[in-house]
Amino acid sequence: QDKTVKIGVLTDNSGLYSDLGGAGSTLAAQMAVEDSGLAAKGWKIDIVSADHQNKPDIGTTVARQWIDVEKVDIFVDVLNSGVALAVNNLVKEKNAIMINTGAATSDLTNTQCSPNTIHWVYDTYMLANSTGQALVKAGGDTWYFLTADYAFGHALERDTSAVVVKSGGKVIGTVRHPLNSSDFSSFLLQAQASKAKIIGMANAGGDTTNTIKQAAEFGIVSGGQKLAGLLLFINDVHSLGLKVAQGLNFTETFYWDLNDGTRAFSKRFSERMKNKAMPSMVQAGVYSGLIHYFKTIDAMGGNPHDGVKVVAKMKETPTDDPLFGKGTIRADGRKLHPAYLFEVKKPAESKGPWDYYKLVGTTPGEQAFRPLSESACPLVKK
Amino acid sequence: MSALTDDTLPVTPRAMRDEMIMFAAMAVLLGLVPMSGIYPFFVMQALCFALLACAFNLLIGYGGLLSFGHAMFLGTAGYCSAHALKVWGFTPELGILVGVAGAAALSVVTGFISIRRQGIYFAMITLALSQLLYFIYLQAPFTHGEDGIQGIPQGRLFGIFDLSKPTVLYYVVLAGFLGGFLLIYRTINSPFGEVLKSIRENEQRAISLGYKTDQYKLLAFILSGTIAGFAGSLKVFVAQNASLTDVHWTMSGEIVLMTLVGGLGTVFGPVVGAFVIIAMQQYLAGFGQWVTVIQGVIFVACVLTFRRGIIGEIAHYFRRSL
Amino acid sequence: MQALYAQLLVGLINGSFYALLSLGLAVIFGMLNIINFAHGALYMMGAFCAYFLLHLTGIGYWWALIIAPIAVGIFGMILERTMLQWLAGLDHLYGLLLTFGIALIVQGVFQNYFGSSGLPYAIPDYPEVGGFRGLQGGMNLGFMFLPIYRGWVVVFSLVVCLATWFLIEKTRLGAYLRAATENPTLVRAFGINVPRMITLTYGLGVGLAALAGVLSAPINQVRPLMGADLIIVVFAVVVIGGMGSIMGSIITGFALGVIEGLTKYFYPEASNTVVFVLMVLVLLVKPTGLTGRTA
Amino acid sequence: MADEFILETHGLTKEFAGFFAVRDVALKVRRGSIHALIGPNGAGKTTCFNLLTKFLRPSAGQILYKGQDITAMAPADVARLGLVRSFQISAVFPHLTALENVRVALQRQHGSSFDFWRSKSVLDRYNGRAIELLNDVGLSEFANTPAVEMPYGRKRALEIATTLALDPEMMLLDEPMAGMGHEDIDKIAGLIKRIAAKHTILMVEHNLSVVANLSDIITVLTRGQVLAQGTYAELSDDERVKEAYLGAGHA
Amino acid sequence: MPDLKMAEAATKPAGGAEVLSVSDLQAWYGESHILHGVNFNVKAGEVVTLLGRNGAGKTTTLKSVMGIIGKRSGSIRFNNEEIIRASSDRIARLGIAFCPEERGIFASLDVRENLLLPPVVRSGGLSLDQIFELFPNLKERLNSQGTKLSGGEQQMLAIARILRTGARFLMLDEPTEGLAPVIIQQIGHTIARLKSEGFTILLVEQNFRFASTVADRYYIVEHGKVIDGFANSELSANMDKLHTYLGV
């Protein structure tokens, strides 16, 4: 029996998203290997990692070389939708595996779904759905969108508007800002003037954090309007500081302080991180996904090099790990687990660094993600 | 722009012979790659960038025009080809044609706007134009924004060569590269090239001799942009995607870096530079966070210590032009 | 209509950042003939410097406004002495490439140590004067809520811009610098210590970038890449204003802020591109920019 | 008329922000003559040249070349009509060899300058003519020297060779002898004399012995206006010319 | 070198202390060795002219004294201070002023700024009024861009601006090039006047006729060496030699 596997952590090590994945993803993969106990059972597991610099062509070249030369079996992380979609095609062509924990695009399990890919942590549909639904339910029934003017922003806005309307709310306006703006005051003034209860930020990364910071300055939150982040991570909150970020609402599928399992893992993780950071949901996803993968190949006994076969097996097996709890993987490659709506604590409520979130609501996995009935994935038999 | 060219030596018949020998050696070496066990995709990508850098070098090294927006031709041709191949279902040769035509059209327009500007203004206006284009591509629906055009079919070139076979693809790319390279080489050493050099040296004087210098510069710009576009179209077959990174200004910076490392205004410098930089990107990818820092260090080291570039330094050492 | 006033004012505020940054660039270009691609990185260093001062030593905003530009300025002078100096007399291209490399290094190093998402920096809440706590809070102008801090930014940068303009255009320094750009050997042969003057000027330009960094720290995330994209826009401002023209960049900086503000209001999708379109138009009509000296 | 005078200007005027560098100049250059334009510094001689070769646009007036109105033409077109200039500050292509410098000019005349697909060895057929021209100005030994490495005087000679390569009907020479040593001056003067057999020459020069030796007719310009015109002998007696240009001590 | 010895003998001090003495000066442009041991001296209050063919190394000699040639060796003493190693700004502040042959007018400065550019190193320079009296053209064109001046006006400006600085030792590289005869005469008068006021002047000239009206002594430069020298009084005796050296 061939009991060797190679894991490729393909991530952004140097760019905009390096805090989310980057070195932390590699660490999470290592911890998964250590915790799997497979080495004791005669498995030989190697990890390679590389920086795709958020460039699809670099990503595919590295990935192709990994598959052809280094014999990598499985890709994890693969942040950045552009890179993820490119690698998705390649992995399918070469019959390898991708457990994507970093990309936001829900196309990975919709039009672009593949028998070789599992989308683990989150996607735009889920974020829109969870945040939109929960906030409307809590009384935030008028929305104004601040949307980054490119495909990703449009998708987030479109999905969220649909949810808002479906839940009985109303969208009273939208302003589209260019990607990577440094100043949002004009847009915020327009949002403020709209008097909407919720200002939905359909953007990401630096755009979102700057929006939040400047919203605080223009007294938007203190004026009674609420900011809803449609894609925000704990690292963003950490970098904003509670003073500015307090009161924000948004969805994540992992938080270090959810339960004993998450706390134990996160403590071990952060001790080994250079800057003592807690794991992001992307990094947690790398760990969780690999644990499930290891369980599956161990059960198969060996020869884990047929990607389609392994993924099919993974889909058959229910998932269970300390970070995301029990869950399943659907036919379209979507991993299901609960989505949590968090609100950022006030500075006074926080007990220390990284103690940032209050849990506001939970949506079960089956309701949080795009239902199969709406799926355009050819793998789904209707 | 005279400081740029202090080290270029006049081309003598002997230099041309040296260059032909170098070229033959390069062609043979590259031809042997698939048998050598070297990973062909790496070489293919490097070849595309090498052609791109050569095209850029035509403009700066021989026309004295620094374009800081050459990525726009790469990206435009890439998007055009990708769209033609994927959405319209064109054959590879037609796909390439569409890409090259797109880049050529773009170079006519941008060249017309920028060519009358001098020196640093030229660099800035090309940078601005490419940035303008970047934002357009970011928002245009057919490019799929930051997701890019993915999974482009490779097809059969002229109905014969199956491009999904790496070896076949390799030789097609190699042939494309060598063809482009020869065209550039010929341009540099043509009657037109001579006029271009004299314009770079002293434009006022060239005018007083009756040359309409703008027309010559424009032709050089169009040639350069078109060949850069050809490189972009070839790259589509290698990477099988077309994305925003190819039009971003950092890509333009990389093109400059490649040419600089290899040797500005040398015939083979851009090729060597492209291989070095692409190899670095591939092999440093494992170094993670330090990639950009290392790239920066190379820039600085290059400018400070071997400004002539690798080939330039070698040529200077042997007092040859390469 | 009221909303329009608000947009104009907000545009003016952004304009003051453009003005400060392009002023520094213009000083460095006009006087040293270097296209300082590292400007964005140095701007970022200014912001980080303010952050370190506050979080490591407890030194607050007001002192940071003085210390950070000086510290970063000294860093710039070291760069000039150790690297840029050797490029004197070479083509523009090399200065541009060298500073591009420096920018990559500086940004890369910061990113390695501080991650990409950035660090917080608050608006100063001291001294307390009258009803104001430092520069926090805002006032209602009727047509908009103006954060005090934004008002401060406009006024302060205007003062700095004019002072720099005066220093360079109205004293002998400017003539020395311009002459030294053209023919440093000869100026030196007139008895002027050109290398030292150039070093100090680069320090000044860099200091201006750092100052803009400190000013922006309380309103933008302090991120390693905060200057990377801004720099291209600022280049455009300098080009439109006429490379090397001090007043040109100041005016264009403020004007661009306003134009961008209006675009954000009427056609936000184009607010990133408007500057480049403007630049192409200006250059087509006036090749040397609005106030540029002939090349 | 057009036969007799190859170049005529009427009311030629150039104003720079209120300052008249050239004012209402009527110039007639006879075909086949050597016509000198002299005058104190700042009189407007170079500006005149710039106007004639279209490097500057006249504020007013008209320029006729071979009877054709060239007032609104582009500089390159004027050069193509056979009206070619040299510069007051030497203008060569510094990193090309002397031979290549001359060849660039020869090439322009014979077309094919846009041919980027042909080898430049097609240019070799101009080498013979280029070397001939270099010999004429005494630069044969420098044929393969890059212009930048040549002494100043030789650069001037090279510039003349390059201009001659265009075989212009009319040459405008702006201080061709400036900065040259005596031997060179004699050489170039001889050269100009020889050229003048077939070409018309309009020349600015401060070296009086050269002007005296070479020129058929002299126009004196002061403050942008024509002060006098005549042969050297006529003018050296003219009090106004003495005062404005030659200076008191002039013998 | 019997010639040179003769030359030195012929130029034994006619009075005044040595202001500048250059011995065994060698200079290089990059790789190319241009000056191969130049020897000469200039005494206080003298006008000394370097003559020589194009490319002989006259300009290079002046530039070496000024400290703006990259590589040089030998000895240059100015008022008994060794300056071969000094930086050019320091040399300027010692009181040497240089007017280069390519004029060095700054395009980005207007005429006034060009004129006022060189800092005053010592009192006793010409006032602006005196300068305008000398070169009336400049007064008219004060606000014009420096390089928009006519060639001759630029030459005037280049000379004028160093007269302001108060340096007592002037080096003029072909100051009459491109000037009209009237102006050349004026410059001749100026040099005479400066000399009478105690200025010391080192001149490089092609225009031998002009040089002969102002110079006290001549040195002949050829192939990077001083090969001969004589005083103005010995001029007629040396006319033949001059012919062979310069082709005058």
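For clarity, chains are labelled A, B, C, D and E in written order, and residue numbers in each chain start from 1.
Simple rule for what comes next: contacts are C-beta pairs under 8 Å (C-beta built on N, C-alpha and C of every residue); 3 or more make two chains touch, one makes a residue touch a chain.
These are the chains along with the protein names UniProt gives them: B, C = ABC transporter permease; D, E = ABC transporter ATP-binding protein.
Not measured: the values here are computed from a predicted model.
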Chain labels contacting chain A and also chain E: C
Distance between the centres, which are taken as Cα means, of chain C and chain B, whole angstrom: 33
Where chain B and chain D are represented by their mean Cα positions, the distance between them in whole Å: 42
Between chain C and chain D, centroid-to-centroid distance (C-alpha), Å: 49
Whole-Å separation of chain centres (CA-atom averages), chain B against chain E: 51
Where chain C touches two or more other chains, by residue: 108, 111, 269, 272-273
Of all residues in chain D, the ones touching two or more other chains: none
Residues within chain B bordering two or more other chains: 2, 135, 139, 289-292
Each pair of chains that touches, named by its two labels: A-B, A-C, B-C, B-D, C-E, D-E
Residues of chain D defined as touching chain E within the complex: 16, 19, 38-47, 88-89, 151-154, 175, 178-184, 186, 206, 208, 244-250
Chain C residues touching chain A - in the complex, by the definition given at the top: 3, 6-7, 10-11, 13-14, 108, 111, 115-120, 122-123, 138, 144-145, 147, 149-150, 216, 218-221, 223, 225-226, 229-230, 261, 264-265, 268-269, 271-273
Residues of chain A that touch chain B when the two form their complex: 13-14, 18, 22-23, 48-58, 60-62, 64-65, 68-69, 81-82, 85-86, 88-90, 105, 107, 112, 149-152, 154, 178-179
Complex contacts: residues of chain D adjacent to chain B: 53, 55, 74-77, 79-80, 84-87, 91-97, 100-101, 103-105, 107-108, 112-120, 122-123, 144, 146, 162-163, 166
Residues of chain C defined as touching chain E within the complex: 172, 175-176, 178-179, 181-183, 185-194, 293
